[in-house]
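Here's the structure we're looking at; comments come further down.
Every chain is named by a letter (A, B, C and D) in the order it is written, and numbering of its residues begins at 1.
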Amino acid sequence: MGQFQPLARGVWGILATPFRGDDLVVDTESIERLVGLYRTAGASGVVALGVLGEAARLSSAERRLALRTVVDAAAGLPVVAGMSATSTAPAMEEAGYAADAGAHAVMVLVNGGDAERLAAHLQRIALSCGLGIVLQDHPTTTGVTIAPSSLTRAVRDSGVVVAIKAEAPPTAPTIAAVAAEVEVPVFGGLGGVGLLDELLAGSAGAMTGFAVPEALIATVGAWQRAGYDAARDAYLPWLPLVESQDKVSLALRKEILRWRGLIAEAHVRAPGLAMPASLYRALDAHLGAVDMPPVG
Amino acid sequence: MGQFQPLARGVWGILATPFRGDDLVVDTESIERLVGLYRTAGASGVVALGVLGEAARLSSAERRLALRTVVDAAAGLPVVAGMSATSTAPAMEEAGYAADAGAHAVMVLVNGGDAERLAAHLQRIALSCGLGIVLQDHPTTTGVTIAPSSLTRAVRDSGVVVAIKAEAPPTAPTIAAVAAEVEVPVFGGLGGVGLLDELLAGSAGAMTGFAVPEALIATVGAWQRAGYDAARDAYLPWLPLVESQDKVSLALRKEILRWRGLIAEAHVRAPGLAMPASLYRALDAHLGAVDMPPVG
Amino acid sequence: MGQFQPLARGVWGILATPFRGDDLVVDTESIERLVGLYRTAGASGVVALGVLGEAARLSSAERRLALRTVVDAAAGLPVVAGMSATSTAPAMEEAGYAADAGAHAVMVLVNGGDAERLAAHLQRIALSCGLGIVLQDHPTTTGVTIAPSSLTRAVRDSGVVVAIKAEAPPTAPTIAAVAAEVEVPVFGGLGGVGLLDELLAGSAGAMTGFAVPEALIATVGAWQRAGYDAARDAYLPWLPLVESQDKVSLALRKEILRWRGLIAEAHVRAPGLAMPASLYRALDAHLGAVDMPPVG
Amino acid sequence: MGQFQPLARGVWGILATPFRGDDLVVDTESIERLVGLYRTAGASGVVALGVLGEAARLSSAERRLALRTVVDAAAGLPVVAGMSATSTAPAMEEAGYAADAGAHAVMVLVNGGDAERLAAHLQRIALSCGLGIVLQDHPTTTGVTIAPSSLTRAVRDSGVVVAIKAEAPPTAPTIAAVAAEVEVPVFGGLGGVGLLDELLAGSAGAMTGFAVPEALIATVGAWQRAGYDAARDAYLPWLPLVESQDKVSLALRKEILRWRGLIAEAHVRAPGLAMPASLYRALDAHLGAVDMPPVG
């Protein structure tokens, strides 16, 4: 692994980017509240500027503002910064800003199926910014597929990867195959819909943006202390709120965060899909049925 | 609606097609057991030869054998026969066989976004076979998208649709929009992952292939008698078994059916994906944690 | 290679399926004229029931009628029968009908990227029907990708392939890689847009449905006798008629066949796209500028 | 149209971004030579930082360097600057840099099918940077489809569009439908493969990156002066060099530019596909057969 320490196991929160007002400006106060929740709830760290953080919908000035706000509010909690670019030069540029802003690591998308080229890509980014890399396999965003064996080889050969985020469905078999071969933690994702499967397959925890991170932390903690049955009991009540309506999951997540008072407004920037009005009934029913932890 | 009666509300089971032996022959005894379960459990009917019934992987002789076996075993329980074809001529041919075999209705895929052409397609099929049509919107299979308003218009103008199966995610908003405008029942699908949302949006029940139909029947029954909280309580324990690992959901479903003794073997025909060995641990854990209803 | 002879080099025509009247019935007289043209023009053979022959839009009765008509009209010219199915059982069934009808070989789609499974699939089909296989790699239809090395291995290991139709773009590099490793002819396709590149890469000729097969035959003949410059001179005048408007290429092809008097009407069955009215001006201009060979 | 003048008809060149050395640095000298060619050859203008200019593979510093170099070398020839972002905030930021650098207009991707939302998106960008917009419909990049009627409405309602680049296949019918309804010029694209069809449909010229712009200029000029036959004669010899091998068209284009001495090296940045070695034979044959205009 060389110079970079693997990420801690546990729960890493993928942060939404809240917007405010008619102009949908980045809402730094809401970011601070959101990060504060992760800190007090016991997350291992947070990930800013991921796909669901709408990073590609922010200007570079907004990305830097959001990242600096997250790092400041994190107050020592490790922050991973997502890179939207899939080519080396723009990823290096973004990674440089992330390092300057005080990020702990950067998250880079798998940009091709060839292990050797991928390892070289990762090394150039890591060497330029001095940070380790969370390697994200997310074919929905990239259209790229990679075999688990190539993923493993790129991690080993590059020597710069500090965690893997495996989001090519089905996730659990990939996690099982890769986790047996690498020394860094492997996380799932996809909103947490397969979290129990992923833990059973050898996942190091959860790295997702479910709007009640306390539930993820309770579930992963129960898994670590007491195993499957306890984790299941902790997670079951939350499953109806976990991504059951594909394509509007970000809008739903932001509505839950707003309902909790964590963010001021729930807008999603175009071309992301807004919350369908007809879904509020389901959201209200699911929210009314759980024992929501108090905030702050 | 004209001459065709709308389908009954409640739970319709999408039947898997079980195979046996090295040659993966269609296993009619297992089909009979499976249909028997739906009959005794109180389903409103069953759907044979759907996408997840691997209809496109059967020869036409096998499709007819499977369908006849289902109709015989159903002993009066209504049987919907799925049509794989998206063009009129082959769909009419398949629909003719379905009518001869004693099917109650045929399920036809949305094959284009133009309401007028779709209505004409449906009418020609219905008139040729004399059966009503369950209209299935399943873009994952067809690559076709249709606006809810066009779906509604095709249903009204054709006068031959007896139910809608809405499987374009997010399903709940489509169900809400369409159910308010048509007189036929609208069902969701997609393995049941959004069942509670779909019921809240106005779905008439469940039309999916989850391997424990008793759980669907209990959930929909609870919804009808007592509303959301009761339905939620009934469904929650089963959610970890509901499609959490995309792309291998059919393999998982067949494993559960085999585990229950309903089918003899769990093979999936190529190019469908086989059960990944690393997923058995999760499957066993989920199965061990539920109170599985006894069979037979 | 065992018992099956490789296909002849040269030009193989992918046949359109002409329809007639308001009901779009299969027009056997037009089929006969079309096959007659290929026979008198000097084609090496024809391919019936391919993707662009709208095979998936025909009932099985229509498929058999079309195939018998082609074989009868071919009067000894070899006929390859396309298989729409990607699973073994329905492909075996279709292949059996093809053998009964007098087909020379069957064309089977690559249905997965694993060489061993693919070889087994091909062997089962070939052994059941007694015919050799034209292996078609057509990701636009199947969504399946296969590495050239796996394609090569499946051909060698199965021992039943008599030709390859390489239609994963870019086609020329795949043809170059595969043709160097197998003893059977490798053809391109995709409407002929890359024909010169494919010949230079080692293609054995042309296997496509361009509506002026005489031009393909003149081009491939010129290539064989005199090389690139002669082939280029022969092909250049026809390039504006070769698929320049993606997604409506079948409609355009049928209009050219109708213009030539080879088929009576140019309808395409739904969900195929009809000829856009605004394209007639371009079609007329292109047709007016070439020296069209007389028919019959 | 308000304050913005429509683009001139004729030929607009989509510029490649040349790279040099092991580190693939942006090669400003080659950019200058390339722009110089367009200027002396009589192009109406050039487009920098388009999809095929690999804009998404450049850091923001590189994008600005490339754009400034183009504007300086253009010496008064109008320069359109491509925007990679599909959301308003990052597109506004990029557009601001483009205005500062002296661009004449910005090119913005269609980011959704709703005319009203699209018009608002375009207006916000235009008002913030003070430049008119070339609206590019490129579903291969965006995954977004828009009806011609919605495209027309967004152009009319926004009042800020100065040209349309229609690249949703088939392009000619869309050009015919839209050009009849708007006052701004409509161009095709897709490498020029359908240029004759597009001119016949009402296109205002060519806006593409074919590596011999002199051929495009001769063809469009012949069309304007003498009509189809003359344009056809001018274009025919070049068609074998026009994108016949999908997915490697950028690599091929850069090789032609290098062969002509216009750029120093032909590298494509990852994840773009490099030139397959087996394609050099075809490239050499095509280049050897044309009467290439001398450079400089």
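Here, a contact is a pair of C-beta atoms (placed from the backbone, for glycine too) under 8 Å apart; a residue touches a chain by one contact, two chains touch by 3 or more.
Quantities reported herein were computed from a predicted structural model and do not represent experimental measurements.
Within the contact network of the assembly, the step distance from chain A to chain C comes to 2.
Both chain B and chain C are touched by no common chain.
Homomeric contact chain A/chain D: same residue numbering on both sides for over half of the interface positions. If you lay the C-alpha trace of chain A over that of chain B, the rotation comes to 180 degrees, to the nearest 5.
Centre-to-centre separation of chain C and chain D, using mean CA positions: 34 Å. Centres computed as Cα averages put chain B at a distance of 47 Å from chain D.
For chain C, residues touching at least two other chains: there are none.
Chain pairs recorded as touching, per the definition above, are A-B, A-D, B-C, C-D.
Note for the complex: chain B touches chain A at residues 169-173, 176-177, 193-194, 196-197, 200-201, 228-229, 232, 236-237, 239-240, 244-248, 276, 278-279, 281-282, 285-286, 289.
If you check the complex, the residues on chain D that touch chain A are 24, 54, 56-62, 85-90, 92-93, 111-112, 117, 121, 144, 269-271.
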